[in-house]
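In order of appearance the chains are A, B, C and D, and numbering begins at 1 in each one.
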Amino acid sequence: MINVGVLGATGAVGQRFVELLADHPWFRLTTLAASDRSEGKPYGKIVNWRLDTPFPEKIAKVKVTATSPKSMKDVDLVFSALPAEIATDVEKEFADAGIAVCSNASSHRMVSDVPLVVPEVNPEHLGLIDVQKDKGSGGFIVTNPNCSTIMMVTALAPLRKFSFSDVRVATMQAISGAGFAGVAAMAIYDNVIPYIGKEEEKMETETLKIMGTLKGNRVIDAPFHVSASCHRVPVIDGHTMAVWVDIDEPLGTIKKAFADYKPPIKGLPTQPAESVHFFESEPDRPQPRLDRMRGRGMTVSVGRLREGVRFVAMGHNTIRGAAGASVLNAELIVKKKYL
Amino acid sequence: MINVGVLGATGAVGQRFVELLADHPWFRLTTLAASDRSEGKPYGKIVNWRLDTPFPEKIAKVKVTATSPKSMKDVDLVFSALPAEIATDVEKEFADAGIAVCSNASSHRMVSDVPLVVPEVNPEHLGLIDVQKDKGSGGFIVTNPNCSTIMMVTALAPLRKFSFSDVRVATMQAISGAGFAGVAAMAIYDNVIPYIGKEEEKMETETLKIMGTLKGNRVIDAPFHVSASCHRVPVIDGHTMAVWVDIDEPLGTIKKAFADYKPPIKGLPTQPAESVHFFESEPDRPQPRLDRMRGRGMTVSVGRLREGVRFVAMGHNTIRGAAGASVLNAELIVKKKYL
Amino acid sequence: MINVGVLGATGAVGQRFVELLADHPWFRLTTLAASDRSEGKPYGKIVNWRLDTPFPEKIAKVKVTATSPKSMKDVDLVFSALPAEIATDVEKEFADAGIAVCSNASSHRMVSDVPLVVPEVNPEHLGLIDVQKDKGSGGFIVTNPNCSTIMMVTALAPLRKFSFSDVRVATMQAISGAGFAGVAAMAIYDNVIPYIGKEEEKMETETLKIMGTLKGNRVIDAPFHVSASCHRVPVIDGHTMAVWVDIDEPLGTIKKAFADYKPPIKGLPTQPAESVHFFESEPDRPQPRLDRMRGRGMTVSVGRLREGVRFVAMGHNTIRGAAGASVLNAELIVKKKYL
Amino acid sequence: MINVGVLGATGAVGQRFVELLADHPWFRLTTLAASDRSEGKPYGKIVNWRLDTPFPEKIAKVKVTATSPKSMKDVDLVFSALPAEIATDVEKEFADAGIAVCSNASSHRMVSDVPLVVPEVNPEHLGLIDVQKDKGSGGFIVTNPNCSTIMMVTALAPLRKFSFSDVRVATMQAISGAGFAGVAAMAIYDNVIPYIGKEEEKMETETLKIMGTLKGNRVIDAPFHVSASCHRVPVIDGHTMAVWVDIDEPLGTIKKAFADYKPPIKGLPTQPAESVHFFESEPDRPQPRLDRMRGRGMTVSVGRLREGVRFVAMGHNTIRGAAGASVLNAELIVKKKYL
C-alpha cells in the first residue's frame, strides 16, 4: 500500500478524490490538506460533504494538515485538486520535495517535461517523468487534461488509426465543472451560457499534446486542428459534446473501430470494463443523466455516429474528467514502476 | 383589416398565434379551428392557456369551428399550427378552396412551388405564389422553416455576400419546440437528449432552399453543404446554436457585416427593430433566458464571433421560430399584394 | 430461494423492482409480466431502461409473460407495479390462484382484510393475511401505502408514544412519482404544481389505517386527524414534506425520541441500517438530492425539528416509497412465515 | 413629478426598481446609487442587466452616485434595495437628512414607529409617519414586509373579517429571493433546501404587526399565531405557499370572501386590477410560471381552497414581494399626502 494525500480536499474535485481513494486497493489515504483555518481539525468536522454518495466514515477522523510537503511527510504521492493559481507554485514545491504529484490543475499541463496523460490514449508519455527526475529530487508532476478534453480524446482514441486533419467540437457542459459555488442558479436555470473561460483554448491545445508523439525529451503535437465552442447547460454532472472529425472512410469502418476498440492498457483498479462504450443502435444516446455513471463514472460513452463523420461523446466530468483521471494516472505510474 | 383564422389553435404554437394576432393591426382573428369535440364551444372555455402572458380576453368568446374551409368562410388567410401528418391534406384543401395558408408545418416546405420563406432572407421567393395561383383556385400555401433553421438562416443572412461552402451547426434546443406534452420531465431534467427526430435533415435541406435562387418556376439550392447535430437541453424557450462557416475573410470584416446588417424588407408590423442583434463585446451572450424576448421574441441574437469562423446564434423558437415566422410571412404577403 | 415475479415490469416502479430483486438473497426473479405485445420477448429487448444504475444483465434474457396466473406458474409471490385501474381485478385474480401479492397499487389498500403495511410501523397488521387465507385459496394481497404516506408514517413512528390529535403536512413531491411520462417538462420546469390527484385523500386516510390498531378481523383507525396539501416540484426523486404534529412535550423529549428510535423489526435484507435518519444539528437537511440515496434509498430522513412541533421529512419515492416498500413487505411476510 | 432615487441599484431588487420606475407616471428616476467603485459612471455601463425585460435605455446615461444624502440632493424619496446589514445605518441617515425612504430591507421593519405596510392590508399604518416626523427632520422610513410575508398577508386580507387564531404556512420559495448570486446551481438543482435563514421568524412576527391595530404611537400585534416552515425550490421567480387558517365558517362563505374581495385602497399606478386573483374552479392553480406575471407581477393568486381551511397562495417575489411593494408604498405615501 502506498500512502497518499489530497491537496484541496474539501472542494468539489477534492471530495471526489476522497470518495475514490477511501477504499482503494493500492493507495492508503493518510493525509488531507485544506485551507489553513482547517488545520488540525478532523476532516469529518470541516468538510461540507456535497456528493450524493455516503460520506466515507473511515476518513472522518483524518486530521486536516496544511498544504505543504513538511506537513505530509509520510506520503509518496499527492493528488492535487488545487485551483490553478495556487497549484503553479505548490505542486512544484511538492515535486521538489521528492513527492509524486498527480494533478487535475491546469497549471503545468503544457509544460514541456510534464506528462499530460489519459492512460488509454497516451500511456507512453509517462516517459517524461524521467526527464523531470533527471533534473531533480525524484519527485515529479503528472497531469490529466481538462474535463472536456478528456472526453474528446478518449472518444477519438479508437479513431487514431485513421487520418484526419480537422476536429470540431461543440460542448454542453455540466455545472459541477465550475465547482460547488461556481455557477449561480439564477445564471444557468432555464438557460445556456455559451462561454466557459479558457475552455476552448484548453481543448484546442491539450488535445494536440495528448495525441502527439513523444520524441526524446518532449512531445511533438499531433498534426491536426481543433476548433471548439464551449457551452454550459443545466445539467449537474456529465459533459456532452458533438464532434466532427474529417475521416474519409466508410461509416461501417468507423463503426467497427468503435465497436472493436481495446485500450492499450489494462489491469488498473479504477479503469472501467469499457473505457469507451459505443451505442451502435440506440438513436438517442448517450445522455448525461442515464450514462454518466457507466463504469462507475469512468466510461466515456459515444453514440449517434453519422456521416460527416459526426458523433456525440459524453462522460462524467468530476469522475472521468477530474478526480478519476488523476487516480487512473497514479495507478499507471505505479504499474509502470515510476514510483 | 383582413379576416384570418388559426388551424390547431389550442396547441403550443396555436396559442402563440392567438397571442400574436389578438391585437394585430392588419389582421382580424375571427375563426379558430381545433379538434372536432371542441366545435361550437367558446375558445376561452376549451383552451388550456399555457403561456405566461395573460390570456387575450377579447378572443375568449370566439367560437371554435371544425378544421375545414366550409367552417371558415369569412377568412381570406389561415395560419396553420397543425401537426405535419394532418397538415399535408388539410392545408391543400384550404388552398384549393381559394384561401391563403401560412403554415408552420413541415409538410409542404420542400414542395417545389411552395415558398419556404424568412422575410429577411428570401422575400423574393414569394414569387412562387404565382406558380401556385396559375394552377388553381387562387389559394396558395406559404411555409416558414423549422424553428432551428430559421435562427440559422437569419444569422447567416448578413454573411451571404461572402463565399462559403461548408456550414456546421450544433444546436441546444428548448423543450417547447416539442409542444406542451412533447418531452417528459423525467426525460430532460438534468439531462441532454442528443437527438430530435428529423431535425438535422430539416436544417440540412431547408437551409439550401431558403438561401437558394428563385429561377423561373423553382428554387435552385444554395451551393453549400450543411452538417447539423441537434440536441435537446433543459431550457423552456429559445434555441441556441454553435455555428461554423468557412468564410475566408478577416474577423473584422465579418464583424462589420453583422454590425452593419440591414434586412432587405421593412415596415412589417411583427418585424423587430433589429432582425439580428449582434453582441460585439459581451463575452457570454446570447443566452436564451436573457435574450429570447428581444424584439418581442422576433430578434435573432448573434454573439461570440471568433476565428473559424465561429459564432453562437439564438432565438425564440415558438415566436420567431414558429408562430411569429408565419405571421411575418403573412404580413409580407399582404405588403407584396399577393392577397 | 423463493421464486417471484413482477407485474408491470417495464414502468418506473417496475424497473425499480427489477433492480432490487436482481440480486436478492431470498428471492429469485424468474418471471416478468408486461403488456401483451411484449409477450415472449426477452426483457432486455423490450424494456427502455431509464434508471441511472446499470441494467442488470442477468435479467436481460428473462422472457416476458402475459399478466395472468397461468403464465406465472412457478412463482409463489408477485410484486405488482400495475396501475390502480388494472390492479383491482388482476391482483385479486392472482390471490385467488393461491399466489401472494405484494402490491404498490392503491386499489386494495383500504379493503378491510388487506394489510396496509410499513414493516417498521405496523408489522402486526400482517395478521390480516389470516383473514384473507380463511376465505380463500391460500393466496393473499399485502399492500404498501402511497409514497408520500410512507415517508410521513415512518417519520411519525418514533413519536407514536406521545399523544397527538392533529397532523398537518405540506408535501414537495418529485416528478418520478408520476411515472416516466407522467409530467411534461413544460408543465413542471421552473414551476410548482400545487395539486396531485387523490394524493391528499390518500395521505389522510391511509395514515390512519397504518397507525391504527388491529382488532380481530380489522383495523381500528388511529384517533387523530391528518390535513394534507400536496405539491409537485422540479425534483427527480425524493419527496420532501413539512410536518406539524401537536405533541405537547418539550422539544428535547421529541429530539430524544428521534435520536434513540429503534424500529420494531430487524434482519430484513432490504431494511436499511437506519430506518429513520435524524439530522439533529444540520440546519438545512434533509435535502432530496443529497439524502435520497441514504440507506440505498430506504432510509427516511428527518430534520429541522422545531417548536410546533414541526419537522421536515424526506425519502426516496420510488425506492422507499414504492418498489422497496413492497420488497420489504415481502421479506417481512417470509420472516413471519406467512408464505 | 417627484424626483426619486434608488439605493443598491445594481442588484436583483435594485434592477426591478429601475424597471418599475423608468416610466412611472408620478416619479422621475433621477439618481442611482451603487458601490463606491461605480461612482460617476453611467448606469448603463456598470449594470449587468439580468432581467429578461429589455434594459430601459433612457436610464442608461444616469450617472451612478455614492450612497449618501449629499450625493442625492435633488431627490425627495429614495427606494432602498440595500442589504440589511448596510440598510440599518444608511436608511436612518437618509431619513435624518429629510428624505423619505421606502425600504425593502428588513432592518427597520419591526421598529415601533416605522410603518410596515402592504397598501391593500394596512394603509392606515402610514399614520406612524407622523410619529417619526414629530421626532425629526421631516424625513421618514416606510418598510414593506419580507417577500413571503407579503404574499401571505395579502392572501389573508379577504379573510380578516373572520375570527381565527392559528395560521400555518409551508413555503416553496424561488431562487431569485436570494439575489442573483445567492443560491449556487449545485445547491438547488434537482433539490429542495428546507431552510432559509430568518425567513420563518420574519413571517411569524411581521404578519402580526401588519395585521395588527394602530393605537396611538404604535401597533398592537394581531391576536393570532403564525407557524412557518420555509423551503427553497428550483423556481426562478414566484413564491408559492400552502396556508392553513382555523376559520370556523362554511367553505362557501370563505369562497365568497375571496371572490368578492375589494381592497381598501385604489387608484395607485402600480396597483393591479386584482390585488388578489381567486382561482375558484381550476384544480391546479396558482402556479408560479403561469401566474407570477398576473397584474404585471403585482397580483397575489389564491387557489385550491379546501376544508381546513386550506389554500395555496402565490406571487412574484421580486415584484409584488420586493421592488413593487416599495413602489406601491411610495404611491400610497404620495396619495395620502405624507410627502
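What we mean here is this: a contact is a pair of C-beta atoms (placed from the backbone, for glycine too) under 8 Å apart; a residue touches a chain by one contact, two chains touch by 3 or more.
Please read these numbers as outputs of a predicted model, since none were measured by experiment.
With angles rounded to a multiple of 5, the C-alpha fit of subunit A against subunit B returns 180 degrees of rotation.
Set side by side, C-D and B-C show the greater C-beta contact count at C-D.
Comparing the centres of all chains, each the average of its CA atoms, the largest separation from subunit A belongs to D. Our note on geometry: subunit C versus subunit D, Cα centroid distance of 42 Å, whole angstroms. The distance from the centre of subunit A to the centre of subunit C, each centre being the mean of the chain's C-alpha atoms, comes to 40 Å. For the pair subunit B and subunit C, the distance between mean C-alpha positions equals 47 Å.
Annotation for subunit D: residues 50, 189-190, 234, 236, 289-290 touch two or more other chains.
In the complex of the two chains, the subunit A residues touching subunit B come out as 168, 170, 172, 189-195, 227, 229, 231, 233-236, 238, 240, 242, 244, 283-290, 303-304, 308, 310, 312, 314. Taken together, the subunit C residues at the contact with subunit B in this complex read 12, 50, 175-176, 179-190, 234, 236. Only residues 50, 52-54, 189-190, 289-290, 292-294 of subunit C touch subunit A when the two sit together in their complex.
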